[in-house]
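Everything below concerns the one structure shown next.
A, B, C and D are the chain letters, set down in written order, and residue numbers restart from 1 in every chain.
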Amino acid sequence: MASGRMEFHAETIMQHANFSFVLPNDVNMEEVFDLSNYDRPTKTLILLHGLTGTDTDWLFGGVAQEMAIQYNLAVFMPTTGNSFYLDRGYPGGNFGSFVGEEFPAYIRSTFGYAQSREDTLIGGLSMGGYGAIHTALAFPETFSACVALSSALRLYEFAAHEDTSVMPQAMIEDVFGDVTKLVDSDRNPEVQYRRLKASGAAIPRLYLACGTEDALVRANRQFRDFLKAEGADFAYDEGPGRHNWTFWNSYLPRGLAWALG
Amino acid sequence: MASGRMEFHAETIMQHANFSFVLPNDVNMEEVFDLSNYDRPTKTLILLHGLTGTDTDWLFGGVAQEMAIQYNLAVFMPTTGNSFYLDRGYPGGNFGSFVGEEFPAYIRSTFGYAQSREDTLIGGLSMGGYGAIHTALAFPETFSACVALSSALRLYEFAAHEDTSVMPQAMIEDVFGDVTKLVDSDRNPEVQYRRLKASGAAIPRLYLACGTEDALVRANRQFRDFLKAEGADFAYDEGPGRHNWTFWNSYLPRGLAWALG
Amino acid sequence: MASGRMEFHAETIMQHANFSFVLPNDVNMEEVFDLSNYDRPTKTLILLHGLTGTDTDWLFGGVAQEMAIQYNLAVFMPTTGNSFYLDRGYPGGNFGSFVGEEFPAYIRSTFGYAQSREDTLIGGLSMGGYGAIHTALAFPETFSACVALSSALRLYEFAAHEDTSVMPQAMIEDVFGDVTKLVDSDRNPEVQYRRLKASGAAIPRLYLACGTEDALVRANRQFRDFLKAEGADFAYDEGPGRHNWTFWNSYLPRGLAWALG
Amino acid sequence: MASGRMEFHAETIMQHANFSFVLPNDVNMEEVFDLSNYDRPTKTLILLHGLTGTDTDWLFGGVAQEMAIQYNLAVFMPTTGNSFYLDRGYPGGNFGSFVGEEFPAYIRSTFGYAQSREDTLIGGLSMGGYGAIHTALAFPETFSACVALSSALRLYEFAAHEDTSVMPQAMIEDVFGDVTKLVDSDRNPEVQYRRLKASGAAIPRLYLACGTEDALVRANRQFRDFLKAEGADFAYDEGPGRHNWTFWNSYLPRGLAWALG
C-alpha cells in the first residue's frame, strides 16, 4: 500500500504542516472486496485526529489504510495540534482555512486528487469530529460529505464554563476566543448550518456517530435533534461504545459506506 | 503513544536498516485494560513482516500499537526486504544474524530494552512467521517465545519445486540457496529444533496459528504434528480465516496472551 | 548514521511532540576527523528550528548529521511550531517547560542520553536561537552551554510595536502575552541572566553569532554588550552573512567547537 | 520546503519501495538566487545513494534540498539496498527496471513530474554514480542527462577479482552474476554506450566527477577516456577530494549547472 508522511510550508498557519497519507494507486486487486469502487476515479478523504493527537493516529491506531483499499480513497491526515481546526483570525493562526482551503488545494496541485466537491470528503474523531463538521460547513464548495465520530461539540459546555476537565480554560480561550460569544458565532455548527441553508448553497451531507457510554453523547444527540428539526440530509448512528479506537474503527466504515453510497 | 521510524548502519547486512517502533513509555493508564502488565518492566517484541512487505506494515495494517499498549510491549519492526530473515553466508548478506543478533543488540544499547531472554519475544506473519520461528530457534539464548502466524513453512514445497506461484524459482534460490539441500539444512525449523533439543539448551516456546482457508495451513499442520511428536512446549490455533490482516489482527493478541501468560 | 523521527505524548504541551534525531552509535570511525571526541561518552545537543520551521530543518537544510559524527553528539531536534519555546502559563501550553524539562527527561529515559548538565547542550537558529538562550537560562541545571545563531532577540522591538513584518501583532501577543510587560519579564534573557547571577547558580556558557547583513545583528550586538557588561562567560562571533543556512552551517561548527572545547 | 518519505508496492522488485523526496512547490521566492529556473516547469532529478546507504542520505548528509530550491527540481531519492541498481533477471529482482522504469512512471502518475525526457535527470554517488550512468544508458528515452559522482565503475576490477575490500566476492556475484562475463555484458557502460550509438537513439548527456584522492579516480579516468574516444557529449571534472560528502556536495551543484545549462 502506498503511504507516507510529508510536510510543506503552509501560508495560513505560517508553519511547515505535517501530514500522513495513504494512496490506493498500487493496490493489489485481490485484496479488494468491492471492485465497483475501482470503476470510478479515486476519491479523497481528509481525516482529522483528536485532542492531543497527531497525523499518524488514524494510521497507527485506526483503519485509514483499510478504508483506503476498500473504498478506493486517497486518505490525507493533517495535524494542526490542538487548534480545533479553527481560524484564530490572524495570519499564521488560520487553522480552519488551512484544513478547508490550503490543504485541499495543496493535495490537488501535488497529487491531482480532490479535484471536485463530489470527490472530496472530510472526517474525524472527537476534536476532529467537530473539526470535520465545522470545516465541511465552512467550505461547502469543497466537501460534499462529512463523517464525524464522537464529535467534541462542546460549545454549550465551553460557553457555560462547564467543562475544564479535558481542556484548561486558558486553552479553550486560546482556541475559541471569547466564550460568551461562542454559541452565536460561526464556530457553532448550528449557526453555520442555518446560514448555509438561508444562502441556498449546497450543504455537505453529514454522518454522525457516538457511543452511548461516551460523555459526548449528549452533545451529539443535541446536534442530531437540531439537524432533524432543520430537515437536513444526515445520518446519525449510536451504539454501545466509549471514546476509543474500538468505536471509531467500527463506525468509520459505516460512515464511509453511507457517505459514498 | 510513542512511536517512530529510524535507521542505522548494520554490519551484518552492510546496509542502513530501517525499522519502525512503538514504545509504551508515555502510555495513558486510563487506556490500559490490564494494569498488571504495567507492574513489570516493559518487554520487547520484534515483529516481522511478510513477503513484499515493509517495516510499517504492522503499524498501518496491523495492531502493533494496540498490543504495545495492552501488554506493555516495546515493539520493534525491522525490514530486510524479501530475505526470509536468513543468512546468505557472506558479510553483508546475513539477514538472519541481523534479526536475531545485531538488531536486538542495537535495541538493547540504544533503548535499554531486550535486556534478557525472558523479556524478549519474536513474532511475524507469513514470511515473517517463518522468520520468527527460524530466528527464535537459531538464537534461543535471545528469545524466550515466538508467535508465528500463517507461517510460510514452504520448505518441502520449495525443495519439490512445487511452488513458484508466489516466488519465482530464481528468487527462491537467491534466498534459500540449493533447494535440494534445504530440507536437511538448518533452514528447516525441524532440523533446528532437533539439534537444539539434542544440545539440551533452553528452547523458545512457540505459538503457531493459521487460517483454515489459507493455502499455508497444510504446512503449518505438518509442523504442528512435528512439534507434538517431539513433545515441544507449543500451542497451535486454527480457525476460519484467510491470509490477511483480519486473521493476523485476531490471532496476534491470542498468541501474545499465550506467550506472556 | 543512525537517525530517525519519532513522537510521544508530552504532558506540558498536551500534544504528541514530533522530533527528529541523529545518534552517533553506529559511526564508522574512518569518517571521524577528531577521534578524541570518541574517547568520552556521547554528549547531547538539543537543536531548535526557526519561525515557520519544523523538526527536520536541521537535518535537511543543516549540518546536524555532520556535527553528530564530528563531535560524537546525539542531536535531538524537537518542534513546537511558532511557540518561541515559551510557556504560555496553562497546562498544554508550556512549550518552554517542554523543551527545557520534559523533552530532556524523555531523551534521558528513552535513550539514556543527557544524563548530566555537563553533557547537555542546547542550540538553535533565529526563533530557535532565542529559544536556546531562553531555555538555557530558564533551566541552568539542565544545560551547561548554548549555541545561539542569528537569534531573534526582538523583545525590545516587540515591546515597541516596531516589528510586525515577520510576525503579525496578534501572533506576537499569542506567544509573548502582554508586550508592555515583556522587557521586564523572564522572557527577556537579560532579566533571566541577572536573576541567575544574583542566585549564585551555575550559568550556562553562551555562544552567539550573527551575520553582519542580518537584520537581527543590532539586537544580537545589544545582547553581546549586555553580557560583556555583566562579565558573562560567553563568546560572540560576527561575520559577513545573512539569515540563511550558509551562515548557520558555517557557525554551528564554530559554536560547538567553543562550547565543547 | 515540501519534503517527505513514502513507500509503494513495486512490481519489479516485489517489495515496498521506500523513497524520500523534496518538492519545490512551496518555495519562498526570496530564498531563490536564480529566478529564471522558476520561469520553466519543475524538472525531476532521481538521486541515488551509495553502497550501505539509504534513501535519506542525500537529504541528511547531502544538499538535495538546497539543489531542489536553487534549480526548481523535484528530487526523488529511492533505495534498493546494495543492488547496484541492476536487474537480476527474475521477477522481484529487477532493481534496474525499478529505478529506470517503474519508479519514474510512479512519480509521473502520483506527482505529475517527470513527464518528458528533457525534464528528467538522474544522478548519484559511488554505487549510485554507477547506477546513474547505467540507468541513463539503459533507459535513454527516460533520461536526458546524468550526473555521476565518484562512480563505482569497478567492473574491470570485479572481473579481475581485484577488489574484495569493499564488497565480498559472494556479494559481487549476487549483484553482477558471472563476473567473467561482466566486461562484455550490458552491465558495462561502455558496452551500453556503443550499442546506443549504433542504434542511432538519443544518448543522455553525461557529467562525471571524481576526487583525485579517491581510489575510484583511475576507473573514472578510464571511462572519461572511453567517452572522449567515442566523441560523446559529456563533461568530466576532477579536483582535490576524497570519497565523502565534502566532494559530493561541492560537485553535485556543478554537475547540475552543466546538465541544466
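Heads up, the rule we're going with is that a contact is a pair of C-beta atoms (placed from the backbone, for glycine too) under 8 Å apart; a residue touches a chain by one contact, two chains touch by 3 or more.
What you are looking at is a predicted structure, and each value in this text was computed from that prediction instead of being measured.
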Which of A-B and A-C has more C-beta pairs touching across its chains: A-C
Most widely separated chain from chain C, with each centre as the mean of CA atoms: B
Distance between the centres, which are taken as Cα means, of chain C and chain B, whole angstrom: 42
Where chain A and chain C are represented by their mean Cα positions, the distance between them in whole Å: 35
Interface hub residues of chain A, defined as touching at least two other chains: 1, 3, 7, 9, 56
In the complex with chain C, residue positions of chain D that touch it: 1, 3, 22, 31, 56, 59-61, 64-66, 244-245
Chain C residues within the chain B interface of the complex: 1-10, 21, 23, 25-26, 28, 106, 109-112
Of all residues in chain C, those that touch chain A in their complex: 7, 9, 14-16, 18, 51-54, 56-57, 81-82, 88-93, 167-171, 174
